[in-house]
Amino acid sequence: MDRRFKARLDARFGEVLRGPIRQRHDETEMRIGPGDVVPVMTALHDDPAFRFEFLADLCGVDTGDVMQAVYHLWSDVTPDWLRIIVDGLSRDDPRVPSLTFLWKGAEWMEREAYDMFGIIFEGNRDLRRIYMPPDYTSFPLRKDFHLPDDAARSPGGGVRHMEQAHLPTDTPAAAIRRTPASRQLPSR
Amino acid sequence: MSFVPGLGIVKGMAITLRRFFEPKVTIKYPEESPDVAPRFRGRLQLLYDEWGTLKCETCFQCAQACPIECIDMGGIDTRGRYHVHWGPPETYGERREESALRRSGRPVPDRAFHHFQPVDLGAVDTILDEHDHDPKRMLEILEATQSAYGYLPVAALKQISQKTGAWYAMIYGTASYYGHLRFEPAEDAAQATAVAAARPPDASYVTALGAALGGANGRPGARGRS
Amino acid sequence: MTTTRRPSADDPRVMLDQELGVFEPVPPYPPRTEREAEFYTLGDGEMFINMGPQHPSTHGVLRVVLKIDGENVVDLDPVLGYLHRGVEKLCENADYHQCISQVDPLEYVSSLFNEWGAVLSFEKLLDVQVPRRAEYIRVLSAELNRVASHALFMGWMALDLGGLTPILWSFIERDEIVEMLASLTGQRMLFNYFRIGGVNGDLNHDFMSRLGNWMSRATEQIEANTGLLNENEIFVRRMRGLGTIDTPTALRMCFTGPNLRATGVPFDIRRAHPYSVYPELDFDIPTRDEGDCLARYLLRVDEVKQSLRIIDQCLHQMPDGPIMAKLPRLLRPRPGRAYSAVEGPRGQYATYVMSDGTDQPYRMRIHDPSFIHLQSVGLLMEGNLIADTMAIMASLDPIMGGVDK
Amino acid sequence: MTAISRSWNRLTLPGKVIFTVVPALVVLTIGLVVAIAILGGPALDLVVANLPIVRFVVAATAILLMTIPTAFLIIYMEMKGIALMNLRIGPDRVGPFGSLLSVVHGLKVLMKEDFTPTGADSVVFTWAPVVVYLASVMTLLVIPFGPGLVGQHFQLGLLYFFAISGLSVVGLLMAGWASFNKYSLLGGLRSAAQVISYEIPLVLSVVGVIMLAGTMDLVVIVENQAGWFTDWYIWQQPLGALIFFIAATAEANRTPFDLTEADSEIVAGFATEYSGMRFGFFFFAEYVNVFIISALTVTLFFGGWNAPFPWPWPITLDLNPGSLGIGLLFVVALVPLALTLILATPFWLVSSRIKGWQALVIGFVLANLFLVGAVAAAGYIGFDWVAGLAWFMLKAYVFVFIFVWMRGTLPRVRIDQLMNFAWKWLMELAFLNIFITAGAIILIKYLNPEALP
């Protein structure tokens, strides 16, 4: 536990914190709101006093009533893992700014969080499902996910063609992706 | 990469040529078998004795030792979650059916469970509260449970296991050790009394045994083995 | 063959619901994101080629859609999920002991590190003090597993470049280690050896004799195996300068482990954020500055030597004592969150656990390095050839079991 | 009618066989005798009149038949050789040391389904393996296996060789294009680029030898190298031999230049969609190609059928079995028997544990070995072509082993490196070789006008 680090975080980000900074073992935990993600993260990444250049982990959490996005950062200025919990995302439309402008590698982790929790990371260029099939509609790691319901909702119930046949002539690209109305996905 | 072009390739070729003549590591499996480590954990298997009967006595020791509770004797799940039954193979067919039901999300009828009556577990909770959920006072808890229900229902034992954190196997062992605890309702009291009356007293067994062995109570006499 | 035939009943093309055409790996729905629309629009003279999920060198069931222009790869789009088992969801429905065997098959060539990450976070959550002997046994077995994993990597790397022999030599090496670990843990692949608060079994005679036997010739054997390719002109020319990534980009791509160290950053969680008994052990963190495929390959060769050093020290410093902490059978940690990371052969294996006071984790997040590294294949691929896709992918060393979780 | 069919139905199976086969044989025999009596003379005349054509047909058939066991042998060598380098045992189940495994593979390939993918251009798809196979087999026609053992003696044998072997690229392109598969297409185009690029250094590297020999006749080239092994062209053309070997490796699509079927990149290249015997043709053609380039390397640079040293003892075996007269019968009847008994006796005498029949079996085996050795030695001493064939095959298979060895060791090169290597290095070196050779020839002729042809 690095007490001085806690004091520095308090001094720097005191006004945006949602709740006190907690420390346990080798972890320092702070909670912010979704509106403060960009300035806080930019400051942590760029400020020479912090130098958090490693994004160790990014994941979503469903607490049952709100959604959270959890970031873990590492820096050589402190021996602690820094955990940043972006709290208070609504369950119906969880939205949080994407971190891909700082860490390009966050892209797939955000895609995973989107796939599993439905958290929408605004600014991610490629926010589509990564593990589940593209026509899947549930978010399996949410706490209200129930497998029989999900099975009843799943489209097709059979083999889906991963590849579409089209004519080998010089068909324009727009025509290639012509999709029958029956197979159109409902818009998000 | 060396300064002479091709030298690295020649070195590699030399290594392969040397390996060409070295002893080989292949184990020709059906003819020779590899030496398996003594600690190797392979597939679990139930053993049969020479008369073809199952040696398993459902003593629950293996279930107790299993770290992730994948072993379960007799088809009754200890935790009510995973029905990874490990039991005699005669019941594979019905398990396949169960598995299909489970995958489709429908409730699985547990045939081994149907004769255990559903009981109201409120009494158990009160008893446990009285005894502070302390597994060390298991005998008292079990006695209280028996006085509440008249016998020890399996559901009550599972509830006790769940609440106190004691192993089901341990509770079962405790309950089966003491003669005054029983697992079935004492509905046929008359028959039980008749059986007890027809049974010779314990002392007669000891006497008969001692007589057969030729010493007092089966112990060797003063002259050693006669 | 421009003649039009009336299709007979057993003509396979009647089974197709559309007119016979070229099969393109284009998804049959409108593009969902900007990036997808951009990728699935063909430029002049470009074509798609679908690599995987069944392909000799995608290291598992990975599917990569390549957009190629002749032999040049213009862009690529990895499609994951063919091995997705939902381990995080499974762990939420298992208790803490059971989670260990659930995370085991994630990165199946280095299972012990998966277990270690999970076990470490549970121990943090429960405030358990692990006995020192158990810690040493953990380090010993995990470093052995690292050597096995790196040995396999060297074989795979060569196999993807077309060399037939090194993969078998490295399997010989791996098989010895795996047999050794089998005599310690009881299993060859999914060890299920670490327990919360210690390890499952103590060192035994069989393991020690096998280990001593192997240690006596490990160094020279690995030297001989790598000597086949390390100086080979064809190999070096193909690998040098291929898939180069510089330090800032590597940090932006969240690289960890050998792939990051190959760009010159001496970031190793064993030193940067020490866990277990690593602070007591003496070893170096090898780094290389080039950041290309050759650097990643050679760095792993160096790491094997460091691992052998650590194993040697573990054997000499092994303390006596218990191998398990005293713990109740039923674990109910108080509500809280814990994050822990270990340095695996591919980078940072991290586990983030939330407890709500019951005997099951409320949320368990598994962070796998292969997943992170695989996403940068597209970045490293710019302007390279089809053959290099394999080399670059192999040099990042992803394991699909971990990528798909 | 009914009477015949009823009695026919009463026959058992052996009876049916005998009743059909025996009359057929009788009729055939009589017919043959009559036909030979009537047509024998004119037919023989026809053969004698068209001897070159008959010779060509016989040679072509023999070579076509020879490729199959050659391919089997090389496949076995490759499986076993690479296995041994990998510290494996390799094939060990079928036949002694697994030597029949490749034959069994061949049978397996015959039994597999012959599959044509939907959308493939079926005519081209079917003919592609034939073209590839014939292109490699036809080149064997001009290889001199021994003195007098050459399929067709061409003045322009070398030119013929390069012309025909260039045909195989057409087959590979056909296969790649007709398969209706992008991997196949890539493989076909790669092979076209690679084979055509490497044709140039391949041909240029041989020009030095042609200049030294003064001819493109392979038989003459071999005869020029007779004598000690120092007379081989490898000593006069080391650079040419190296370039030839590298370019020929690429020409035969062998490791490290096996880009056309790079399994880790483009699944199996042009052969991805092929199955059954069509794939078998590609497979055989590849291994026949290995043999051919080994054979040509031996022919051009390593003395062909010539022994590395002249036979030190001028023994001439003048055996005429006919001179023995009726004694020949006795020799044929008695020598094996006597040899068996003579060789069995010591075993029978030495150990009482060896029974009489066991000693006889040992003696029989030893006698056979001895006789085979004697016949081989007699053939080697008595007949030029036996000695030539033995040396030729020995040398050729040494090179086959080198190919196997390289396959076990080397990784694959990349396509751009491959092209760079051909155009920027090999071709320049080949030209350099030609200039050096030409300069050397002029110099030597200037110094000693009688030295070279």
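To keep things simple, chains are lettered A, B, C and D as they appear, and every chain counts its residues starting from 1.
We adopt the following convention: a contact is a pair of C-beta atoms (placed from the backbone, for glycine too) under 8 Å apart; a residue touches a chain by one contact, two chains touch by 3 or more.
Please read these numbers as outputs of a predicted model, since none were measured by experiment.
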Quiz prompt | Furthest chain, CA centroid comparison against chain B | solution = D
Quiz item: Using CA atom means as chain centres, which chain is nearest the centre of all the protein shown?
Solution: C
Quiz item: Which two chains have the most contacts between them?
Solution: A-C
Self-check item: chain B and chain C, separation of their C-alpha mean positions in angstrom
Solution: 37
Quiz item: Taking each chain's centre as its mean C-alpha position, how far apart are chain B and chain D in Å?
Solution: 68
Quiz item: At what distance in angstrom does the C-alpha mean of chain B lie from that of chain A?
Solution: 44
Exercise. Mind checking the centre-to-centre distance between chain A and chain D? Centres are C-alpha means, answer in whole Å.
Key: 64
Practice problem: Would you pick out the residues of chain C that each touch at least 2 other chains? | Solution: 16, 20, 165, 169, 172, 228-229, 232, 234-235, 237
Exercise. For chain B, jot down the residues that touch at least 2 other chains.
Key: 9, 12, 15-16, 19, 25
Quiz item: Using the touch rule from the top of the page, what residues of chain D touch 2 or more other chains?
Solution: 85-88, 408-410
Exercise. Mind listing the chain D positions that touch chain C in their complex?
Key: 82, 85-88, 118-119, 121-123, 182-183, 186, 190, 255-256, 258-259, 262-267, 407-417
Quiz item: chain C touches which residues of chain A in the complex?
Solution: 24-27, 29, 53-57, 59, 61-62, 70, 72, 74, 76, 79, 81, 83, 102-109, 112, 116, 125-135, 140-141, 161-168, 173, 176-177, 179, 183-185
Quiz item: Where on chain C does chain A make contact in their complex?
Solution: 16, 18-36, 40-42, 50, 80-81, 84, 86, 88-89, 92, 124, 249, 251-256, 267, 272-273, 336-339, 341, 348, 350, 352, 354, 363, 365, 367, 371-372, 374-376, 379, 404-405
Quiz item: Where on chain B does chain D make contact in their complex?
Solution: 9, 12-13, 15-17, 19-22, 24-26, 28
Quiz item: Can you name the residues of chain C that touch chain D in the complex?
Solution: 1, 12-13, 16, 20, 47, 49, 55-57, 71, 158-165, 168-169, 172, 228-229, 232, 234-235, 237-238, 385-390
